[in-house]
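One chain, subunit A, appears in both complexes that follow, with subunit B as partner in the first and subunit C in the second.
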Partner chain A sequence: MSKGRERRAVRSDPWQVGGGSGIEGDGFAPRLNRRHRMANVWRTVFRLSTVVGILALGLLLVNIINDAFGYVAIVNTVDPLELGEGRPLEELPKETLVQILEANVSAGLFRRFAHDEPFEERASGDVINLIYENVVKPRVVNQWTLLESLTQRRTILTQGPVDYPGASERSVRVRFESWVDVAFITSPQSADATRAGIRTAILGSLWTIAIAILFAFPIGVGAAIYLEEYAEETQLNKLIQTNINNLAGVPSIIYGILGLAIFVRALQPLTSGALFGMTDPTTANGRTIISAGLTLGLLILPLIIINAQEAIKAVPNSLREAALALGATRWQTVWSHVLPNAMSGILTGAILSVSRAIGETAPLVVVGASTYITSDPNGPFAKFTTLPIQIFQWTTRPQSVFRNIAAAAIVVLLVLLLSMNGAAILLRNRFSKRL
Partner chain B sequence: MNETRTATSVPQTAFAPQTAFAPQTARNGGYAIEAKDLSVSYDDFLALKGVDLKIERHKVTAIIGPSGCGKSTMLRAFNRMNELFRAARTQGEVLFNGVNIYRDEVDPVEVRRRIGMVFQKPNPFPKSIYENVAWGARINGYKGDMDDLVYQSLTQAALWGEVKDKLGQSGLSLSGGQQQRLCIARTIATRPDIILMDEPASALDPIATLRIEELMRQLSQHYTIIVVTHNMQQAGRVSDYTAFLSLDGTDDTRSHAPGVLVEYGPTARIFSNPANQMTEDYITGRFG
Partner chain C sequence: MVSMGQRVGRHQPGGRHQPGGRHQLGERTPAGEAWSASWAQASPLDRGLSAATELEVLARRPRIGERLIKAFLFLCGALSILTTVGIVYELSKESLLFFTRRQWEVTNKPLAQDIEAGWTSFEVGTSGASLRDGALIRVAGELMRVEAIEGTRVTVVRGVGGTTAGAHGAGTVIEMANQVTLREFFGKTDWNPQIGRFGIWSLVNATMMTSVIALAVALPLGLSVAIYLSEYATDRARATLKPILEVLSGVPTVVYGYFALTFMTPLLRSIFGTGVVEIYNTASAGIVMGILILPIVSSMSEDALSAVPNALREAAYSLGATKLETALKVVVPAAFSGVAAAFIVAASRAIGETMIVAVAAGAGPNFTFNPFKAAETMTGHIVRISGGDLSYNSLDYNSIFAIGLLLFFMTLTLNIVSQRVVKRYREEYE
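Presenting the complex of A and B:
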C-alpha cells in the first residue's frame, strides 16, 4: 500500500526535476507532476467502477430483501380462531378438523376431497390446508415493503386494519410477515400465495443439477485430459478446441432447443422412462427431470472442459517429465501427478459451472418445465420445476403478493447457491492442502 | 554387472519381468550406451547431427559445450525423452545393451526405467519424501520390501541421515540441494543402469553443488553417469570422460548450425591436451 506515499515522495523531490516545465538538459521531459495527475485520474476512474459494481450488487440485495419481509394486511373470510372455538387449528385433533371442514363446505365438495384421498389417509396438516383454502380463505389485501414497515410502523399498525371492503373489522389482521420461513421452504406449490412454498422447486433444482454434474463432470474432465495430455497438435484437434471455446459462449436457449430435439424428442423412450417401465402418461412426452438435467449438462460441459484444461495446463511440465523419466506411462503420470495437482482448479471450474446451471431458466422453459406442480419429483423420470422457473412464474402473476414470494424464492436461491459454492470451496481447499 | 552392485542388496528380479534388456550381459563390448550417427531434429530445425559416442560403463561422462549446441537434446535422446513434448525426429541408433532403443518394438517406458534422469531444476513430487522415492519403484511393479528400497536409495543418495526422521514430510520442504538428492534417490530406486543428469547443480549453491559432485563420484561405482554441465571446473572435477559438443561451423546451409560432437576422450587428456582447436578455445574460456 505504498500508492499514496509514492506521490508525496516525488513532491519533495530534492532535484526539482518534477516541475514539468519542459525538456531538461539530458533530453528527458519527466513532467512527473502531470504523470502523477493522470495516474490519479485513472485510479479514481477504476475506484468508481468498483463502487458502481458494489452499489449495483447492494441495490439488488436491498431490493430483494425489501420485498421478502414486511407487514401484510390479511383478510380472512372466516376467522380460524372462531372455527376452532378459541383454539388455533394447529392444536386440534384431526377428527375435529374433518368435522370443521365438513360443516363449512358444501357436501359435494367434501365428497370430492374424500374421493381424491380418503380422510383417514390424510395428515392433519393436509386437512388444515383444505380448511384454509376453502373456509378461511385468507386474502392478502395490502402489503408493505421492509423499508416501509421499518419507517412507518405506527401508521401501518393503526391504519392498516381498516377500510377493506367486505371485511369485518375482526377478520383483518396486520402482521409482520417473513416470506422466507421454514414453511415456505418445506411447503409445496399452491395457488394461494400465503401458503405457497418452494419445496417442489428446490427438489427439482437439486435433481437437475445433480444429473447435470454427474453427466458433465466425468465427460468434461475426460475430454480435458485427452486434449491436454494425449491429443497431438493436428488441425482437427485445433478445430475441436476452437469449437469447444465457442460452445461456452452459445446462448443458453439454444441448448434448450438442442435438449428439446435430442432428449425430449429423439430420446423420448429413454427420458420418459418408458424403457424402464414408467407408464405415467403425464411424463410420457419426455419432459422430465432427466431431460432437463442432461440439457444443463450439455450447457456446462464446455465450461468444465475449458476450466479443467486450464487447471491441467497449470501443472508444471517438470512434474510430468519427472514421472515419465522414472518409467511411468502417460496414464500413471496423469493419475498420480497431473490430476491431484489440477484437482483444485478442476473443482473450481465445476463450481462455476454449477453456479451457472442452477440459475438457468430459458433452456428449461424450452425443454418443458412444469409451471404448476405440487408433487415432489420422485426420480429422474418425474415432471419438474426449478427455482428460477418458479420465480419467473410468480413474477408474471398480476397479484402483487406473488412479488413477495418471488423475492423470498430469490433469497432461497441465492442462499442455496452460496452454500453450494461454500461447500465446494471447502472441498477444494482440502484437496489443495493434501500432500 | 550385477556383482558390482553389492552395496544394493536389491536384486533385479524384484521388479516384474522386463523385456528387451533383461539379460544384463556386456553384449556390446562393455559400453553402457552407444550413439551411432545420431541426429535429432525438431520440425525443420536440426539440433544434433551425426553424433558417434561410446559411453563407458560405471564412469562419469561429462557433456560440455556452448549454449544451444544440443547437449540436452543428446542427453534426452539417450532415454527417449525428446519425443515427449515436441515433435522430435531421431535418426541413427542408440544402442543400450546392444539393442537400439529406437527400434519399433522397444517400449520407451521400459527404456526410461533403465535409463533414469535427473533434471536441471530439482523437481520432487509434491508428495512425502518416502512417496517420492517409492512411487517410481511401485509403478514399475517393484515387489520387494519397499521400506528397505527407500532406505537404500536415500542412503545411496547421501540423504538418509538428513531425512530419516521426517520421511512423511513433503519433498518440497527440503532445501534445494536436498531436493536434488531426493530426485537422485528417486531415480536410483527404479534400479537404472544409467543415470542421465542435465546440469544437476546449476540451480544450487556452491556447497550443495559440491555434495552433488561427491555423490556423482560415489554413484559411479554402481551406475553409469552422463552429466551435462556448463561448468568446466565441474566437468574436470567429476568426470572420467568428456565429450565436447559445439555448433557445426562448416554447415552454413541452415539458419541455425546443428550441434556436432567435436571431441571425446578421457577428461584428463581433453583438459590438458585437446586435439581440436575449438575444444582448446572453449576450455580455456575463449568462447562459449
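Presenting the complex of A and C:
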C-alpha cells in the first residue's frame, strides 16, 4: 500500500524526491479524508447493526406484551346476570347453579354431565364452567392490542358495543382483559379462549423437565468426569469427545424422531407403563410424559456434558495434585476436591440446559404431545402437553383471539425462563462465596 | 497413610525436622500406636522387608470400588456414542423401509375384457389413474409387470413374484404398486404423499430459501455487531451489550414463530402489499430466523476477533491504517477460522430450525423460489405430519425418517466442516 502511494507520488512530481512534500502534493490528503470518511460511515453501520439486534429483542418483547393485554368485546348468547337473576354466578350456591344448568341445557346433555361426574362431587367453579361453556357461550368478537387500548380508549368504549350486527347492544360487553392473570395460570385448558388456562401445560412442562434432569444430570456429569479426570488419550475416548461435540449440533427435531422410534415405539411396554401395570386408560401407548422427558434428557445431555467439562477444567490442577499426594484415590480426589469446586459451574450449565429444554417444542410434537387435555397429568405415564406446545397450537389456530392467549402463555414462559436464569446466577454466586 | 507418614518421619535424619509435630500426630490414632509398637520389636532387616512388602500390597490391592466407579463413568460417556448409533440406526432402518415399502394404489382402472391365464396382452378401461411402464400391478391377487402400453392395450408379464396366472373377469380393478425410488426421491420436485409423489426437492428448496434468507440477515449483521463489540465498543458497553444480545438466542423458537406470524408477516404485507405476500411465506420465517441466529454469529465471531492479539492491531495502526482498515484487513482475516466456523454453525442451526418455519412458512410443500409464497420446509413437514396420531405402518411415518436422515447428514456435514475449518485455518498466536 505504502509502496504504491510512493510510486504515484514520484510519477506526479518527478522532481520532488522527498517523501513529505510529495504526499501533500498529490491527493494523498483527499484520499486520507476519504478513508476517514469511510471509517466513520462504517463505524456508524457497525453501531447501527448492534442497535438493530437490540431493537429486534425489544420489538419481540413489545409485540408479545402488546398482545397479552387489551380491550375485548365479548358477546354472550345469554347474559349471565339474567341467569343469576341480577346476581353474578360466582356468588350463587352450587345447588342454584345446578338448577340453572338443568333449566338451560337439554335433558340429555345434563344427564351426560351427571354421568361424567356426579354433581354432588363437582366444585361450584366446575359447574360455573359448564354454564359458561353450554349456556352463556361467550364469543370474543373483537379485541384491541394494548397500544390501541391505551391510545383509543374512548373510541373503543363508546363505539365498541354497537359495532356488531346481529348482537344486541346489551349482550356485548367491552372490558379490559389482562390475558395473563391468576385464573389463566391455574385453570385447565378450554375450548373457550376467554376461560382457557395453562395449568395442564405448566404441570406437563414441570414433569417432563424433572424427568429430563433426573436422567441427564447424573449421566452428564459422570461423562464429564470420565472425560476430564479418567480418560486416557485413546482412540475410543477421542471418539467419545468428538461425538459429544457433534451431538450438540444435531437439530432438536432429530432427537424427537429418535424419541419417537426408541421411547415411544420400541420401548412402548415400558413408557406406556404397561410393564408396571400403571397404564393411563386414555392413552395406553408410548406417547407419555416419560417418553418426552427422556427425549429431552438425551437432547440436553451433550450440553450438560460440555458445560460440566468446562467447569471441571477450570479447577486448578494443584488441588488434584495435593489430594493425590496425600494418598487419596482418584475418586476421592474427584469427589471431595474437584466436584465441590466445579459444582457452581456445573449447576449453572445444567440450569441453562434446562432452560433450553423448557423452550423446546419440535421434539415434543414429534414424540406425540396431546393437542387437548384438560386433566392434570397424574404421573409419568400420563399423556402430556407442555407450555411451548400450547403456545404453538394456539398460535396456529385461525381465530385471532387465540393469539392473545398464546401471547399470554409466552409471557408466562419467558418469566419462567428469566427466573431460571436468575436462579442460575444466584446459585453460582452463593457457591462461589462458600468456597 | 498414617503409618506411611511415621515411617518417613523415623527414617529422616534427626537434625532437620522438629521431633515434636509429626510423631505426635501419628501416634494419636490407635492404628499408629500398634504399628509403631510392632516396628520397635522388629529387627532392622525385618523393618526393611516389611516396609517393602507393605508398599507392594498397597500398590497391588485391587480397588473394586474405584474400578466400578470408573466403569460407570465410562458408561456415561459411552451413552453419547449409543445415542449417535441410535440416531443413525433408527433413521437408516426406517428410511430403508421407506424406500422398500410397496404401497398398493387403487387405480380405479378396470379390465375392459375377460382375460385368460395365458394372455399377456389385454385391453383396460380409460378411467382412473394411468399405468406406468415397468410398474407392478395387481389384479385380484395376481401380480403382473407392465411391459408396454399402447393406448388402452397393455402388455404384461403374468404371474410375477410367485403368484400364478389365472383368468380374470372384465371390470376387475387394477391396483398399482407405488414404491419410492431413490431416483424419484432426489430427482423430482413435488412432494405429495396422497398421490404417491415423493420428490424431496420441494422441501429441501424451502429449507434452503428460509436458511439463505436467514443467513443473508444474520451474517452481515452478526459480523458487524461482532466487529463493533470487539473493535469499537468500550469494555463496559461490551459487558452489557453481549449478554443482552445473547438473550435473543435464549428465547424459545416457538416464540419467534409467534413473532414471525404476528409481527413480521403483517409488516411485510403492509410494505409489499397483501396481494404479493401470502399469509404464510418463507421471507417472514427467514428474516425472523435471521434474528434468532444473529447472536450465534455475533458471539462466536466476537470471541474469535477478541482473541486476535493486540500486537497485530498496533502494527496496522503504526503503518497508518484507520480503525476500519485495521478491523477489516487485519483483524477479520486473522480471525478467519473463527468467523467462518461461526457462519457454518449458524447455517447448520438455520437448516435444522423447526418451530419458526412450522408456524410461519406454510403448511404444504411448494416448489417455488418466490420468498413471499408459502412453502413447507423439511422440518416443518416433519412437525406437521407427526402432529396427529401417526400410525407406525404408514409411508408417512417412514418418510419422517427419510427426511430426518437427510437433515441429519446435512447438519452433520456442516458441523464437521466447521470443525475442520477451525483446525485448518486457525492462526496460532503466542
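Going forward, the second predicted complex is superposed on the first by the 383 of 435 C-alpha atoms of A that agree within 3 Å, B and C clash if a C-alpha of one lies under 4 Å from a C-alpha of the other, contacts with A are read in each partner's own complex, and residues count from 1 in each chain.
Just so it is clear, a residue touches a chain if its C-beta (ideal position, glycine included) is under 8 Å from a C-beta of that chain, and two chains touch if they have at least 3 such contacts.
These numbers come from a predicted model, not from an experiment.
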Partner chain(s) touched by A:G249 [first = subunit B, second = subunit C, both, neither]: second
Taking the superposition on A as described, I'd like to know which of subunit B and subunit C A:A56 touches: first, second, both or neither. second
Considering only touches as defined above, state whether A:L326 meets subunit B (first), subunit C (second), both or neither. both
Who does A:S355 touch here: subunit B (first), subunit C (second), both, or neither? second
Contact breadth on subunit A, by residue count: subunit C or subunit B: C
Classify the contacts of A:S318 with the two partner chains as first (subunit B alone), second (subunit C alone), both, or neither. first
With both complexes overlaid on chain A, does A:H337 touch subunit B (first), subunit C (second), both or neither? first
Where subunit B and subunit C land on the same part of subunit A: residues 326-327, 329
Can you name the residues of subunit A that touch subunit B in the complex? 316-329, 332, 336-337, 341, 435
Tell me, which parts of subunit B touch subunit A in their complex? 79, 81, 84-85, 109-110, 112-114, 116-117, 119, 121, 123-128, 131, 135-136, 139-140, 170, 183, 186-187, 190
Touching residues (chain side subunit C, partner subunit A) in the complex: 1, 4, 63, 65-66, 69-70, 72-81, 83-84, 86-87, 90-91, 94, 220-221, 224-225, 227-229, 231-233, 241, 244-245, 247-248, 250-259, 261-263, 291, 294-295, 298, 319-320, 322-325, 328, 345, 348-349, 351-355, 358-359, 379, 382-383, 386-387, 389-390, 392, 400-401, 404, 407-408, 411-412, 414-416, 419
For subunit A, which residues count as touching subunit C in their complex? 1-2, 35-36, 38-39, 42-43, 45-50, 52-54, 56-57, 59-60, 63-64, 67, 218-220, 222-223, 225-227, 230-231, 237, 239-240, 243-247, 249-254, 256-258, 260-262, 265, 298, 301-302, 305, 326-327, 329-331, 355-356, 358-362, 365-366, 368, 371, 388, 391-392, 395-396, 403, 406-407, 410, 413-414, 417, 421
